[in-house]
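Here chain A shows up in two complexes: once beside chain B, once beside chain C.
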Partner chain A sequence: METDRKDGRTPNQLRPLKCSRNILHRAHGSASWSQGETKVLAAVYGPKAGTKKNEDPEKACIEVIWKPKTGQIGKAEKECEMIMKKTIQSICLLTINPNTTTSVIVQVVNDDGALLPCAINAACAALVDAGIPLKHLAVAICCCVAEEGSVVLDPTNVIEFVFGQQMRGFAYLVFPNSALSALPEGSYLVNGEPLEHGIITSVTHGVMSVDEYLKCVDRGRAACAKLSGFLRNSLQKSQFPSDTSSKAA
Partner chain B sequence: MGLLDSSGDLSAEMEVDAFRRLFPLRYYERHLAESIRPDGRPLGRARDTTVALGAVSSADGSALAKIGSTTMLAAIKMEVMTPSAESPDEGCIAIEFHMPPICSPIVRPGRPAEAAVVVSKQLSDTILSSGMIDLKELALVSGKAAWMAYLDIYCLDADGALFDAALLSAVAAFSHLQIPVVSVNDKGKIVAFTEEGDGRKLEKEAVNKEKIKLTLGSIPFSLTCALHKKYILADPTSEEESIMETLVTVVMDSSDRLVSFYKPGGPALAYTSLVTDCVALTRHRMKELEKILDEAFSGMEVD
Partner chain C sequence: METKPSNGSPAKFVDQLVVPGDVILDLSTMAEQTIKLGGGLRQDCDAISVIKAGILRFSKPNKYWVESSQKRYVPCAEDSVLGIVVDCKPDNFLVDIKGPSVAFLPVLAFEGGTRRNIPRFEAGTLIYVRVVKANTGMNPELSCVDVLETLGKKLPFEIAVGLNGRVWVNAGSPSIVIVVGNAIMKSESLTKVQQKIMAEKLLQRVQQE
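Up next is the complex of A and B:
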């Protein structure tokens, strides 16, 4: 039926995930996240006093600093910074610490595809590690659309050749994590859909049809449910079991 | 939250303008509940849009696009370059988006605005991935010379939906583009083609006589929507953008493919129904924009 990929995965299979927290001594929170060969290190400093210029002092300000593996920061990195900043802003409770700045520093260790989703996952784990108040977690995934329209998850590189054909387009999608709630099921549906089905962030490159995009969203949601389970598990495995509950809430 | 509720009573006593400044969100919500926006538009309607071609006479192609009061000036300058070894038969496009301090109170002179870098990256991604321009058409002599198109877009007035206006002006500038006629001189260099001497210059024929205009493939059109609760506001002004916070930009091309679905965070989440609604609004807007572009061209031909 469906041919395996170069590295032997099925189209829906993610690369092995690894997440470790509290790895930097000076940072208020830190985490490393790796998906296969792609690895990102994130550190969180804050909340520090005062907001930056042009920011609303009634809310907490988020600052994202992207450090590429080598060289200077360019346009693509600036865009990643902006996307991450907006994404993190939408999952943080900004009104709890008004007039403060929280810095998220992202250091790329190795890029083997799906870099931005990897960075968002790392930043999210680091925010939890720093104890920044969050509404919910965010899980990010990269979906690729192959030439003949099939969707492939978590590509090793954007120019990955699958079935001998080049990818036509890809989408980075960020969803809220699936909530564990004592409320009866269905009590917090939005328009008949559970919260974790809503797209927080969507960035696409290349051309695809609307149906293909919706297919990406569907597959992305399914994969994010698995991802959020992994994230929850790794966050609960804390070095300090006493404060796990407050951090991983 | 008590503050917001009390504002409901205050609205009766307060001047409208004061109410708008003090409780902007409440002010908007009261309008949205009536399915209308403060500037009199229904939720799904974009602002009046105009395109004027050839606004810059010294450029090879230029256009001025206005969506409401958002104004963009796009100009293309063509230069001859040596193509890279990997793609000897392709030209190149360099896109730059500028936000000078004149466009908005939040831009200060000196460092470029953060938004400008992001819009410029988005624009080049969109224009290159939509396949509107066949880079092979920009080739002159294989492996030796090709066109480098410098597209510069200046934002003169930033009143929301910057990307939409910038993309519209870019598309219009490309369709207005007239590639200069060039020839190869004795030293093998590319020079501007001049028809001065009749016999003397005959052997130096123009290299690109029949390639004056670019053939545009499927043209990308975009629509930005602001999301707030269950409302979708098409083509938001800068005031709406700052109040609603969640923005979605959908780019579709004339062959009905999705070029980009761009939603950078924001408190409102996009569910499937919302995605399809935004796409439907964009399809509708695409028809409007196609008509506006066509009118701009036919106006050109009459002149």
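Up next is the complex of A and C:
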């Protein structure tokens, strides 16, 4: 593949990843996640007693607050909050602490493309840091579709030209992480596929055909396997409090 | 990235980092054994999966748990905690133990407590209590009775207990220090009644010498 992208990456290559945990001392869990220049800080508080008005008291309630880098909170931020809340609700075990509220606060430090996936990754790392019980982890990625149908991963904000074409659509995809298992291979399958083949969240913008979307899903899934390996390694380092940051290129 | 061992041997994961979603034990291969699960693990039909990231620990004969550090306290039975009284009700004191919900301390749960000599705690009083019950969905229940009182009736000793897990014991003779130390270490997994019996047995053995 030609490296036609501005920063010299191949279409399948991700930007350098960096993850730090336990950076805010007063929050119960915190993490910062950066992909290239995009950086997001997430903090988790809870579980605290009591749920909000229209929430089910038999389950734990998750509340997400999105804080943009500049400007007031508007509809776009509310949409991001809603997407993140639904994603986090599907990875948390809500029945363990009924009638409690866990707050996730997301602060955008710098936006250079693929902001929502970066925020979801940061929130997941912060939830692990806070010790909230989770079914599995979530890893998120952004895939773009170019004019002629080729798929590019992890774009930056600068309008990208791959093979001289402009992007016409993109998708944010969130997958469960690859898990180690003591079960014999093939026993823990859902409808004949291992758990990592499922999709937790998918948000699409722009125009793309069904085949292009499925190509995005395949490429995204492969990249997420690498991301989940990186997340596991960064959690490994954090067990030893002297070094709470990890990098990968 | 993914390693799937062919047998369900849990030894591969012990003392390793595990993350939520990992399955560490396959119960279908161990039909006749009982396993005890500590914190951070959950049973999903025939598989034991991890719900909190941490190092998997194993202690003989059959106890597995995930060791991790958190800032927020999760109430478990038999924990000793410091609580602050928030409110008084006719039957319980409401105590804040920094967990997901407020805990109840029954008014009679004190050494020699009767309806006549109910202690008077104001809001803001700091008390050192033990968690008796901590079920999900219910407020935890506390108690002020403990084993040190039983030992203290017969043996003279000084003790200071710190929240960082250290206990300092001082007494006239080394044998008393050892007896108190052993009593505390043994009482970790016993219930209130068992602790009293254990303490009394230890005292009898000390007085025989």
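The rule we apply is simple: the second predicted complex is superposed on the first by the 233 of 249 C-alpha atoms of A that agree within 3 Å, B and C clash if a C-alpha of one lies under 4 Å from a C-alpha of the other, contacts with A are read in each partner's own complex, and residues count from 1 in each chain.
Going forward, a contact is a pair of C-beta atoms (placed from the backbone, for glycine too) under 8 Å apart; a residue touches a chain by one contact, two chains touch by 3 or more.
Remember, predicted model here, so these are calculated numbers, not experimental data.
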Using the superposition on chain A, decide if chain B and chain C clash or fit.
fit
Would you sort A:Ile199 into first (chain B), second (chain C), both or neither based on which partner it touches?
first
Between chain B and chain C, whom does A:Gln236 touch in the aligned arrangement: first, second, both, or neither?
second
Who does A:Leu180 touch here: chain B (first), chain C (second), both, or neither?
second
Does chain B (first) or chain C (second) touch A:Ser90, or do both, or does neither?
first
First, second, both or neither for A:Pro47, with chain B first and chain C second
second
State whether A:Asn99 touches chain B only (first), chain C only (second), both chains, or neither.
second
Computed vertex angle (chain A) for partners chain B and chain C, CA, steps of 10°
120
Can A:Ala31 be said to touch chain B (first), chain C (second), both, or neither?
neither
Output check: A:Ile141 vs chain B and chain C. Expected answer is one of first, second, both, neither. What do you get?
neither
Should A:Val64 be classified as contacting the first partner (chain B), the second (chain C), both, or neither?
neither
On the overlay, how many Å separate the closest CA atoms of chain B and chain C?
12
Report, in rising order, the residues of chain A that make contact with chain B in one complex and with chain C in the other.
176, 195
Give every residue of chain A touching chain C within the complex, in rising order.
27-29, 46-49, 91, 93, 95-100, 128, 130-131, 133-137, 176-185, 187-188, 195-196, 225-226, 228-229, 231-232, 235-236, 239
Spell out the residues on chain C that touch chain A in their complex, using ranges where they run on.
1-10, 12-13, 17-26, 42, 47, 49, 51-55, 68, 70-72, 74, 100-102, 136-137
Mind pulling up the chain A residues that touch chain B in the complex?
54, 75-76, 78-79, 82-83, 85-90, 169, 171, 174, 176, 190-191, 193, 195, 197-210, 212-214, 217
The chain B residues in contact with chain A across the complex are 106, 114, 117-118, 120-122, 125, 129-131, 230, 246, 253, 256-267, 269-273, 275-276, 279
